[in-house]
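Letters A, B, C and D mark the chains in the order given here, with residues in each chain numbered from 1 onward.
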């Protein structure tokens, strides 16, 4: 592996930013300040970070209902995201989208998506554009273990194989779709094998290990850029919170999350690895921790200070005439 | 009579019909919940809004079926099970999701009876939570009952209170035609008197929520609740209105609407959907063609704007027609 | 000016736009055809109705994309490609098939611009063959433009002649909003004068096919053709009508309709769809609210019945509104 | 194999009836007498016959746009079918359905289907009913090589595995979906393997050999009846005519059909096998040939003689009130 110091710092910063963004939202939601309902990405940070690390703004991602991590990893403005989640003016979507619809196409971020399975067909479309530009860029479809039972996702996979487009399907297997375990909802029990059935290489990877995800992504990129078509990565991961905020999670064994917070915390594991292999001075990580907390504080303060969108915004950004 | 929420009224109807008729099954995502979970606890959910609570413990996996996130398979399976003699009640978590299973609804189950020459029926009920008002964004807040009202072969039910919710759901389950049953999320906690025993409310019979002289107000779904507030407001100025809740938009009780307009000569229609090809426009057209002679003023139509549902609380408030807009329309129609 | 069929006019528009703008791609089932066939011949089809003929030989696999039977992936891919800077023209072979890709149409591409705060557009054109009249049965004969007209964010085009077909399609491709472009199967062979060069027709401008004094007739799609026959018939009795073809139902040219009704005081609307939540009812509602003062008689609405499209020729003939029914409605509105 | 003489006669009769039904339609369509457009099953008869031979009216099938063969094999009345295809009174669906919507639920035939991928979810629903009755009966989803790229079909497969219902997916691989070859449209090139990816056993079988299809079906039935869930059979077959009547078939190599009519004709192959193994006197087959021709003649005559449905039928069999 050949991650530069800058890349390592940046990877950690992305993961830490996601973590603190979500931890802070967890608190703010409990305080009742945030409208709607929100799905937190805590626990899965290494996936977004590892997949997006090698991408530029000319690469695309299509995201899910649990999209904050993908947005941050793909370079969306954190304050703009926070304002969006608060439903305020100055939000990335002017407050019209909300948590489940954050997008920034200028960054190659094609949108979170509140329809499970909505994103992968879109990602394949962007991959057609990449193919026609010579397979230098790629398009990533994020999805969960539950999402991959939606017919649209299978269609997208087959179409990507047929058209040999540089699409990377990332099925984040966090064990649950809402209140249902993956061993129930995926009949075969094996998401990656299903992708192989569609005719593309697929691998499972430790989704709490940034380095493992990053390496898998390197293999995926090499495959896609060679013009050989799509690739699947199935990161095995977990979510530290409920499906949405307020979920009592009685489908999970007592202590499951506590254990996973010990063993599957990508930040801890990154720090351990960095320390063991002396990749960076730990002080660098500490400095990032401090900077990130300040950034999140500032984002929340900016969101709170931002006004709600004026009623006049209701009928803009859409063709309207009647 | 016990006073219960609309949520409990719907749950009660499901319990009573499953008890009465072993052919009734329930299927959908997390209608029980907990399958494959590490705690081993089933019925971790009982429906994401709690509507199917208590069914799985009583009727088990055979009749209360948790599914993967595969709405086409859910609705198709409901249709096939119905052809094979069962009476499925399928849940689409949010009505907005009909987009991923529309074919099974509109080309398959809705058409079988006619396409097959009347030799079979397809008694499926599809329950779906709908509506704006809780900042769920553009893909979790739509009403979309106009799409379904447009489809020949489908019946469309929109209850606005616990009593109607129970009686209409039991009717839907016993009905031999496929039925779309829309539950407004904001009305789940609404309370009202509901008889303990099972009863049915026939489709195509509007409910006259208020009687008056000056204006006919037709209000769909949650709009009926807001219309009551508007009626209270104008009552202070001595304006009295008929307030009609169609309860089912297909079949639609045209007679009640037309008769009322005959008396009042003035019509206000209130609908949470965007205007184009809406149920509001549909009813307006029916009156403009069949009740034209009664009309003494332009029909006032109150709908959401022709936009997706915005997320921001300020914008969503401006989006959903509220009592003030309804009141303004009532005053306008009297001008 | 050359006289060509509507089929050729559409094909010409596709050729000219692909030539003009390298971002334009075409995708769908058998838009070329022949991929994977044993003869090795590509463009075995050029579209099942021949609308995309000649494109694949010129622009190849990169821009003329045959797909598996996966409509959600087709529309989704078109949407994603549009976000990534292309201008896709997707083909849904029969409009009826929107059921299997409705989500991508109504929740995704239609909503992006608004949901994303206007920071992106999604310039997708979806072409689809629609309509009854060739005994294709209930799942291959529907119009369903009312579903699409109901959706904020979508534009809806329904050409009725070769000239309009070409100009509206070029406008659709150049338009930054997603456009549903409906082609009536029975009109493909319809002939008319079409300029050789590219031109656009703006959306939201109805075409006044005939001008008259007594009645306003608004006719959608193929109904405009039948309405002309009906107008010929009543002309013999000295009845003269405005005949309005809206050309686009979203945006709808309300002004032209309302102005005409102001002159005539009488309105007949003709629509091949079943009545409930139809475009016919939609237009009637608009006139009943905004043009009520002009109306001197009940609006006459001519639609198909509230049934699926029947297969048998006798029944399908009875299903589709024809010149006789339109004529009767014109006479009735004058009573 | 343990096919009785009666079963053998019946199998041949089913195949011959389908063949003659379709050959006759081919002629009648050319003469312009039949409304709409029609997809012929000629060439695939052994599939419908082999799959449906062991089924009773309490078993279910969901069919496709190319449904005549399935209908006949499942016991639909041939004269009623013919009337339906002619759009006449007395048709199985009173003339309201047509070729693509023939159904007879009393026979367990849940309908032809003009939506590619429409049938499999329905078949899974009927399989739920079978499961709840104890897995004695099964439900068959017919589909083509093209149909199995439709998302609904994948969803149906996964759901069947999850619910362990006795559903049998029969993907009739006749090499083409309309004008496109299967090697293009199925990215992996292997339909059966895709089913395996979903977690069910799947086998390819010679679809021109009644005996091979029948035996595969026995294995599928045993699997389903044991409560082990669904099964896939992929019969390799061909169609002797175009996609629909009128298709010039320029995507097929010159002579392809002629060769296949020699080598892949299930009737010829059945006869050869019967002769070789002395399973039946050939005279029995000849007698069936004669009887079938008479039956088809009678069906066509009855259809021609039947009146078109009266206009009053337009608004029956549907809820209507406005």
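Operating definition for what follows: contacts are C-beta pairs under 8 Å (C-beta built on N, C-alpha and C of every residue); 3 or more make two chains touch, one makes a residue touch a chain.
On a predicted model such as this, the values are computed, not experimentally measured, just so you know.
Participant: Return the chains common to the contact lists of subunit B and subunit D.
Facilitator: A, C
Participant: Taking each chain's centre as the mean of its CA atoms, which one is most distant from subunit D?
Facilitator: Chain A.
Participant: Measuring from the mean C-alpha position of subunit B to the mean C-alpha position of subunit C, what distance in angstrom results?
Facilitator: Chain centroid spacing, subunit B to subunit C, equals 30 Å.
Participant: So the centre of each chain is just the mean of its C-alpha atoms; given that, what is the distance between subunit A and subunit C in Å?
Facilitator: One centre to the other, that is 39 Å.
Participant: How many Å are there between the centre of subunit C and the centre of subunit D, using C-alpha atoms for each centre?
Facilitator: Whole-Å distance between the two chain centres: 35.
Participant: Would you kindly tell me how far, in whole Å, the mean C-alpha position of subunit D lies from that of subunit A?
Facilitator: 45
Participant: Which subunit B residues reach two or more other chains?
Facilitator: In subunit B, residues 68, 70, 72-73, 96-97, 99-100, 103-104, 107, 114-115, 137-139, 152-153, 250, 252, 276, 286, 305-308, 310 touch at least two other chains, as defined above.
Participant: Send over the residues of subunit A in touch with two or more other chains.
Facilitator: 91, 93, 95-97, 101, 113, 115, 118, 149-152, 155, 158-159, 162, 184-187, 318, 320, 322
Participant: Just say which it is for the chain contacts: an open line, a closed ring, a star, complete, or other.
Facilitator: Chain contacts: complete, every pair touches.
Participant: Which of the residues in subunit C end up touching subunit A in this complex?
Facilitator: Those residues of subunit C that touch subunit A are 25, 62-63, 65, 67-68, 70, 72-86, 88, 103-104, 107-108, 112-120, 152-153, 155, 177, 204, 250-252, 254, 286.
Participant: Per the contact definition, I'd like the list of subunit D residues that touch subunit C in the complex.
Facilitator: Where subunit D meets subunit C, its residues are 35-37, 87-88, 91, 93, 95-101, 113-118, 146-147, 149-152, 175-187, 250-254, 256, 308-311, 313-315, 318, 320, 322.
Participant: Mind pulling up the subunit B residues that touch subunit A in the complex?
Facilitator: Residues in contact with subunit A: 29-30, 33-41, 44-45, 48, 66, 68-73, 96-97, 99-100, 134-140, 275-276, 305-308, 310-315, 318-319.
Participant: Mind pulling up the subunit D residues that touch subunit A in the complex?
Facilitator: Residue list for subunit D touching subunit A: 149-155, 157-162, 184-190, 193-200, 229.
Participant: Using the touch definition up top, name the residues of subunit C that touch subunit B in the complex.
Facilitator: 72, 96-100, 102-107, 110-111, 114-115, 137-139, 146-147, 149-150, 152-153, 250, 252, 273-274, 276-282, 284-290, 292-293, 295, 297-301, 305-308, 310
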